[in-house]
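Each of the next two complexes has chain A plus one other chain: chain B in the first, chain C in the second.
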Partner chain A sequence: MSSQDIPEETLPSAQGAHEGAVATAGDPFADPGLPPHEHRIQDIDEQAARRSERVVAMLFTLSMLATVGFIASYVTLPVDKNIYVFPIGHISALNFALGLTLGVALFCIGAGAVHWARTLMSDVEVADDRHPIEASPEVKAKVMDDFRQGAEESGLGRRKLIRNTMFGALALLPLSAVVLFRDLGPLPGTKLRKTAWSEGKMLINQNTMQPLRPEDVQVGSLTFAMPEGMKEEDHDFQQEIAKAALMIVRLRPENIKDKRSLDWSADGIVAYSKICTHVGCPISLYEQQTHHVLCPCHQSTFDLSDGGRVIFGPAGHALPQLRIKVNDKGYLEAMGDFSEPVGPAFWERG
Partner chain B sequence: MSTASASDNRRKAPAGERVADWADGRLGIYSLAKANMRKIFPDHWSFMLGEVCLYSFVIIILTGVYLTMFFHPSMNEVVYHGSYTPLQGVQMSEAFRSTLNISFDVRGGLLIRQIHHWAALIFLAGMFVHMMRVFFTGAFRKPREVNWLFGFLLFVLGMFTGFTGYSLPDDLLSGTGVRFMEGAILSVPIVGTYISMFLFGGEFPGSDFVPRFFSIHVLLLPGIMLGLLVAHLILVFYHKHTQFPGPGKKNENVVGMPLLPVYMAKAGGFFFLVFGVIAAIAAIATINPIWAMGPYRPDQVSTGAQPDWYMGFAEGLIRVMPGWEINVWGHTFVLGVFIPLVIFPLVLGAIAVYPFIESWVTGDKREHHLLDRPRNAPTRTAFGAAWIAAYFVMLVGGGNDLWATHFHLSINAITWFVRVGFFVVPVLTFIATKRICLGLQRRDKDKVLHGRETGIIKRLPHGEFIEVHEPLSQDQLHTLTSHEQPKPLELEPEVDENGVARKASATQRLRVKLSKGYYGEGNQIPKPTVQEYEEITSGHGHH
Partner chain C sequence: MKKLSARRRHPLAAVVVLLFALAVTGGLYAAFAPADTAKADDSAQSLAIEEGKKLYSVGCASCHGTGGQGTSDGPSLIGVGAAAVDFQVATGRMPLQQQGAQAPRKKVIYSQAEIDQLGAYIASLGAGPAVPSKSQYSPDGADIAKGGELFRTNCAQCHNFTGKGGALSNGKYAPTLEGVKPKHIYEAMQTGPQNMPSFPDTTMSEKNKKDIIAYLGEVNSDKTKSPGGLELGGLGPVSEGLFAWIFGLGALVAVAIWVAARTAKAKKS
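Now for the complex of A and B:
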């Protein structure tokens, strides 16, 4: 049953038999029923109604014009033209024109429809009944009976062998789906423990792509390096650089607080993994006075003058240091791979 | 003769009616329309929040389909030779290059991309606010608990759809986000490294995650969401809309305007309003300028890296958690990352299960179609406010670097504030909100008993100043007094009338205690009674 066939008199206000109406006299808080409908200006003044009609029609017309404008912009504006729009700045002319015309075309349809609904369509509030969602006891009893009969006819409860084997079959079947996902990727193995660094690999400056000499590294500057032999075009470059990225700073040897760190340095140059031990962002902010480096992602802060120790933030362990030396030709080279896994910690890290 | 007139009748029926007849004979649309065409929808501004979500979802689907025509979900490395000169000759993935092409070479491509992304942000924000509306008005109560869960699932899936979506262009910012996700996965005990290898097809970043995220983003998650959305809407229709209490509005009726024409025009028009506003935003506000960030390289990063807002809460958890790591028996418990990973669903889940906790505590098994004003359910309102407080404290944590640079604060101080605040601020918020609710209840009571303050000061003949109070109309009196005030549960006496000792179980005690917290003394202000009202209004009034 729909609302339009509910006559006005079923509304609480007019419902003489409704208890609320009777009690009103004695109870100041009783429900007075739906308030009477208040007429809008458009309901009583045809002139105002016509004004509203014109506004709605104007909005729809504006939308049409905007659509024409959209097509015109699409056809006439070059895709690479930039314009200055105050206060936004330099933006793509085409994007600006298309977006605004589309926006106006859409908005005006919406505004027209809403204005139409608010001013010209009936705004009489009506009440509709709700019905409890729960089934009546009779319906429930019937459903239960039907189910019992159906279950009995299937014999599921009686023939245990069928039931058990069916459950077994259904339970095993999804294993096939699980197995199918095995080839999503390889097993971890020792992949996370090894990087592209090995003994004798020279440190290549990432900016110049030339091998680094100790004199290239000045106190107070942060240099990024990668192992020799790695090329951007390599198919596994992204995976390898994700582990091998290295940062190098020169400290005064007397400033190196950690003894092992001093042993692993060359001419006061220390080389640390650039990959944060928290969740693996590349660390890239260097404070030259304190020799602290900061990861811009989650603000873990490490002290490069003290063995890469964590001094603030969510990282759980120190940055791994790469043992380096100056080779016969005067270039910096690695004396082996990192002695521990680089990057974020994991279960097998130990 | 009679057959001729029958065919005459058929010819006379308008074309639209004949099409409808045809459809009715096959689909039964008339019965469907009978029940729904003039269905009543109550009107309240807050009911449009859900519509914002629905419409932005539709906009996302429409623009997303367009984007798939131009986007190449591939991580093959290519060298860029397109029209964006700053990146000429730069090595990048095909995904990134095709996103550049959409932004610079496809006419209107940038607009559709920006509408897609803006609509996604608005979709998530809309769901969040809609969920809060439903929460604070108690609209989640029976019979709508299942729909509450559907809505919650849509919110959670929306977050993951958003995350997989903004990771697709393979730019420097989103790649950093994916790296963060990989680091979080690695922290999972025992299976972390395996999940990571399987997800990325090997070591991070590999060349598989963009195509994999693509099918998750355009097919798997939206497919589930579409199903949930349809179910959500069917239930809204089936349960009928809730309404705020007021004159003529009862739990057994629904008062408002019919679907055809008013609601159809308003709601249909509102779709165009939402779409229009989002299109205008996309015209003037750049979002996710991937060309400025460049392609992803695992050894590069930009400062001020921020995820989309709905991930900010998770970002905050990961940023402020102390870096605990325990090494035992050759294994590492990466608690500093794993604990945030566990807290994230727990905090979200706390709001999801609340309806069931409340109905257990109150023992209320009736249907509720009349909404609560938040002040009339102080404990629920305080819980919701505390939850939001925890959420926003973590948002602050997620943006700790921006807070530090914009307000010249110490990042260490902010981090410590968030660490402490996550536990303290919700408690303070709970207490403050509850007091505010009770204060508002007192004010309502005063208004009922003494009338509305008019602001008119009257001087009496003997010099006293009084403020004139205007009595409320019966409509207002009814609205302010119609809410229920249940009594708290009582423990059954330990010894029953037959002298048999019966000890209450621990859960029963807890339930009674919680019930006191909801409805006990001091947790709700007793409503004014008719007697009180009449004593005050008869004779001693100020007029």
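Now for the complex of A and C:
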């Protein structure tokens, strides 16, 4: 763009003619200064100013009415009444009324304030020059004198006992915070390695709360089980089931590719931990034709026909398998705990 | 006879012969048809199997084999039961339009009577779950809260906590359960269609299934109450967050720009 394209009045030389200008002639980077102040219609026309005042007052009044409406709808509307509102669809009348009135109340305060500021409050541009932040040498000297005098009068240098005990008190105080760290413990002990499963515990179907028989489980079915002796009312039920949750699937024995997995199954029934070995999400997105189990969190995929091997995703360990057998009474039972920790890896797992 | 023979070349002879033949056929039919119906009443099942076999040969045999034994294009149907047939055909999944990751729900091609005949034929190939009766799948009197618990334990991992569906691997997906009839939900649990595992009565009792159907009727049907309004697909915090960030914050940004762009000056520049 050549200088011919720039309109005459925006050039620095033309701008420099305005009041408050500090430009020196011939300086191409001169500060153009503030443009001349232009009045708003409300500054010139008293009628318009009064109109603006009325609009602002109306907005604030509307906000007050909406607040009253909020309280009124909270008190009067029943909780379970549903209405149809386009385009939201079916919605609770109470939720809708509360949201609408609160929204209007807040919006009107904001809109009123913005309209007030833009039309009625002064919009005259004001220049405020910067001034040095540094204090004058006299003030500095006085502050230093005051400090020295204070230090002398406190006797900190002279009365050593006070000084040392104060340092001692200040040094010890943070220790009270340090001992509170104990409450982060105690160390988990064997909790990360052991679950509620142990030898001889029967597999209880989580739907029917009955012990599972091998004939209950069909090829292609999916069942969830928990160890015998656990009750949902137990205070530690959630903690225990979070580790012990079990997924029961029956495969045709010839489809089980992993030798150990086959040994640990009973009549082709394999029992795997339901807890993903990545970060511990419950996994049970079981595809019965591929025998794959997916984790909904990060898409780790395990092959139940191949010892729970990870075939996709971020999981680092195969899914732990529980060794099961059919007991004398014909029920499925565990032959011990999981041989490795269930769920995500941890520091000491190695 | 001679008279008759002489007129055999008469222009109307063909018409007369045709009428005579039609009358005889009709008469014979009238004589034998009632007997046939009576026989069918005795063995409606075998007739249904017979009819089902015909329908099967036309519509299904190319993939599932002439005797339901399965081919490389379709699984064996021996032992899948009438419930599986009713689910697959009455939701339009079968007959398949094309091979793919998964058979989608689409327009139903067969009438319910034809589906029942197909079911009877498949059931005759090997024992499998029968089509449930209304008393089995009707959600009346079921425990909705228990159903919710069972749904979250057994189904929610794939179908989402209110049955909106979700993705699986390699183009497979768990379909939404919106607008699926209770009967078909029951059959799906019973038979485990495609990659869905089955939940037989031995591990999930009839009462459990009823509770689950009642729960779905409560949270995922046209009668569902949604106190929050706009559901955004009911997919949870992801879609809600996306909506709030794009439309909520977007509206705020637009208003801020609009307020700042307008000048209050009397002389517009």
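What we mean here is this: the second predicted complex is superposed on the first by the 272 of 350 C-alpha atoms of A that agree within 3 Å, B and C clash if a C-alpha of one lies under 4 Å from a C-alpha of the other, contacts with A are read in each partner's own complex, and residues count from 1 in each chain.
Heads up, the rule we're going with is that contacts are C-beta pairs under 8 Å (C-beta built on N, C-alpha and C of every residue); 3 or more make two chains touch, one makes a residue touch a chain.
Treat the numbers as computed from the prediction; the structure is a model and nothing was measured.
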Superposition on chain A - do chain B and chain C clash or fit: fit
Which of chain B and chain C A:G280 touches, first, second, both or neither: first
Once both complexes are placed on the shared chain, angle at chain A toward chain B and chain C, C-alpha, multiple of 10 degrees: 120
Partner chain in contact with A:K140 - chain B first, chain C second, else both or neither: neither
Contacts of A:R159 with chain B and chain C, given as first, second, both or neither: neither
Partner chain in contact with A:Q289 - chain B first, chain C second, else both or neither: second
Which superposed partner A:F224 touches (first chain B, second chain C, both, neither): both
Partner chain(s) touched by A:D123 [first = chain B, second = chain C, both, neither]: both
Which of chain B and chain C A:L212 touches, first, second, both or neither: second
Which of chain B and chain C A:F96 touches, first, second, both or neither: both
Comparing the two partners chain B and chain C, which touches a greater set of residues in chain A: B
Which of chain B and chain C A:V114 touches, first, second, both or neither: both
Superposed arrangement (fit on chain A Cα atoms) - minimum chain B/chain C Cα distance in Å: 5
Footprint overlap on chain A, comparing chain B with chain C: 85, 88, 91-92, 95-96, 114, 118, 123, 206, 224, 282, 284-285, 296, 299, 312
Residues of chain B defined as touching chain A within the complex: 34-40, 77, 83, 91, 104-108, 110-111, 114-115, 143, 176, 179-180, 182-184, 186-194, 196-208, 239-240, 247-248, 250-258, 261-262, 265-266, 268-280, 282-286, 296-305, 318-325, 327, 330-332, 334-337, 367, 369, 400-401, 411-412, 415, 448, 474-475, 477-478, 481-482, 530, 533-534, 537
Complex interface listing, chain A residues touching chain C: 38-44, 82, 85, 88-92, 95-96, 114, 118-119, 123, 205-208, 212-213, 215-218, 220-224, 249, 282-290, 292, 294, 296, 299, 301, 312
Touch list for chain C against partner chain A, complex: 150, 153-154, 157-158, 166, 168-169, 172, 174, 192, 194-200, 202-205, 208, 225-231, 259, 264-267, 269
Residues of chain A defined as touching chain B within the complex: 1-4, 11-13, 24, 26-35, 74, 79-80, 85, 88, 91-92, 94-100, 102-114, 116-118, 121-130, 132-133, 181, 184-188, 191-192, 206, 224, 226, 232-233, 235, 238-239, 241-243, 245, 274-275, 278-282, 284-285, 296-300, 310, 312-317, 343-350
